[in-house]
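Residue numbering begins at 1 within each chain, and the chains themselves are lettered A, B, C and D in the order written.
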Amino acid sequence: MIRNEDFIQSKQVPGPTKEEVRCLVMCKAHICKDDVVLDVGCGTGGLTVESAQRAQEVISIDKNPEAISMTQRNVIKHGLLEKVRFIEGDALSVMTELPSFDVLLIGGSSGELPQIISKGYEKLNLNGRIIVTSILLETRVEAVETFKKLNMIPDVVEVTIAKGKITDRGTMMMGRNPITIISAVKNEDGNP
Amino acid sequence: MIRNEDFIQSKQVPGPTKEEVRCLVMCKAHICKDDVVLDVGCGTGGLTVESAQRAQEVISIDKNPEAISMTQRNVIKHGLLEKVRFIEGDALSVMTELPSFDVLLIGGSSGELPQIISKGYEKLNLNGRIIVTSILLETRVEAVETFKKLNMIPDVVEVTIAKGKITDRGTMMMGRNPITIISAVKNEDGNP
Amino acid sequence: MIRNEDFIQSKQVPGPTKEEVRCLVMCKAHICKDDVVLDVGCGTGGLTVESAQRAQEVISIDKNPEAISMTQRNVIKHGLLEKVRFIEGDALSVMTELPSFDVLLIGGSSGELPQIISKGYEKLNLNGRIIVTSILLETRVEAVETFKKLNMIPDVVEVTIAKGKITDRGTMMMGRNPITIISAVKNEDGNP
Amino acid sequence: MIRNEDFIQSKQVPGPTKEEVRCLVMCKAHICKDDVVLDVGCGTGGLTVESAQRAQEVISIDKNPEAISMTQRNVIKHGLLEKVRFIEGDALSVMTELPSFDVLLIGGSSGELPQIISKGYEKLNLNGRIIVTSILLETRVEAVETFKKLNMIPDVVEVTIAKGKITDRGTMMMGRNPITIISAVKNEDGNP
């Protein structure tokens, strides 16, 4: 995994997703080298860069032009520009015009999570995966309910990480915000 | 419990111990109205004030004069001045000169935790309780090992709290540093 | 707090609520000696017994007759029978016939959480508190949303506890299910 | 990652390391296809199998013959037999006779963690990684202290996972034991 400090960061743009969470999202996404990945709400580009290292192509979407610019800078920094397309805009409209894909990562949904999941499901190839990361109580439930309606079986993992900070006094455990990762696989019988 | 925002606070002095942790420490301390409580490393005075509401007397110790001053201000704010004695100094030296007590709270130990626990044990009345709160990996183990050497049975509770922040987008879960509470009771047979 | 092992327990009835969680619920409930407490979904009786030690009266409700019987046994064991009334039945119907109360604890709601909170709010005295404990993602959101509709400000605390088990090899940290405590106070301006 | 249920399991042998923890350990180990990996305390073989999918060779060590047999069955099940060597015995003695390696995974250390880390450090190639997973308070501190003595900078991550169980009543969050992953890299200047 790329270290947190190896991403260019800005106070105006959220992220990057922390190393351990990126790791777990990649684990749930198990991206293959032929996969096309959609990163909705790409923010600083943490998941875009990790995905681009594994996939054939990544399409990164954000409503915030500063996020698109930030993601672009990080993609360039890690030498992955030829693999990533950047689209500033609304995920729902963008997805309508896209061809199919294999992995849909949703880090931000501007209150349209159920619609984004449903639209994503339509466009998802068989055995494709949708992975939602959330720090909001409400988003978790919306994700679970939308997956159920689509006959997908949600995998729900709440991750609480504390990192040790080595100090003169000892190893101080610094807490992070708990993240919930809700994911599901599109397959014929609905089983993961 | 007193709300976090009802304590006077300063960037120079750590604390106050957060509401939920104060609550759990008070639970482990089960202070009665005849009890004498020693608060070592009193910081902002969160545990001193809570203890003073329940005990006969609290003796608050800190090496940092600003912490003593801060604790004093919070004790005054909550109308408990007649119940609390403030001692600026080194816990080990201070304890040597004190009479016995019922509850020993250790929030800071300046690298002398085993000695403070051992000295505290000597001065502790029968059925007295020692409660250590820690965010350091090393302190947890020192506390457990010292309690064991004293034939006290350590109760170890690691508490990870996330608080919901109500926002327009939803309920954002904000993580706190995990706290470990290690406590033990002094009794004849070593059972809690 | 009463120790977990000091409650009579049965595999047929959930509970008792673990010591640390009881402690935090009591903290949020801050029961006074004149208070009347309603314990909806009393289960094994953990919160009923703790409440009865602090309140004037506790009314314990459960749909499950075995839970009522279990709560009763624990209330008797702790010598609090004269303070507790036991009602086997549906919380919503029971609440309609009850006079007002000061604290409403909701540990189980059989899918009727919004209605129970709303009905409870009607019957709650000014400055009364409602405390919901939940291990379900959905319940957390329902509680937050219902409190908001009633102009109550929800306090949301997610608590993850690990307990140390002292073994020959060392102190093994054993995780518990994370519990979310959602509480709110009824007051004129909606502020806690 | 391989799903937990895709490992053959037995009550006599601990493990397999859960999916999310395997994922984080693999993240910290970043195994390349030329790497030789040592898995000390291989248990059920969860980390051995994951490593064998990424490395040139894995050497799996356990004092418990049942663990060796279990790991072997899981290695065979996942078609990786030609990549794994199995050694029943004491890690310290075994390591003395082994050539150098790139990754040392330590899941069990029978009270000899400092010695195993130190011996492992000697045999570790430059840029090699040592990863300790622990559920014991004491082991965490031993690992941190040993890494520091070797001038390695420990990365300490405590991971608390709760998994959602989809039920008729909702998504029940089931807690797991918190795991601490302590890792470090061997390099000339001691920086990770």
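The definition used in the following text is that a residue touches a chain if its C-beta (ideal position, glycine included) is under 8 Å from a C-beta of that chain, and two chains touch if they have at least 3 such contacts.
Here the structure is a predicted model, which is why all the values come from computation and not from measurement.
Two copies of one chain, chain A and chain D, form a contact in which over half of the residue numbers belong to both partners. With every chain reduced to the mean of its CA atoms, the largest distance from chain B is reached by A. Mean C-alpha position of chain B lies 37 Å from that of chain D. If you average the Cα atoms of chain B and of chain C, the two centres end up 27 Å apart.
Counting only residues that touch two or more partner chains, chain D has 137-138, 140-141, 144, 156, 158, 160, 162, 164, 171, 173, 178.
Taken as a contact graph, the chains are fully connected, with every chain touching every other chain. Listed in rising order, the residues of chain B touching chain C in the complex are 1, 19-20, 23-24, 27, 30, 140-141, 144, 148, 153-164, 166, 171, 173, 182. Chain B makes touch with chain D in their complex at residues 137-138, 140-141, 144, 156, 158, 160, 178. By the touch rule above, chain D contacts chain C in their complex via residues 111, 135-139, 160, 162, 164, 169-178.
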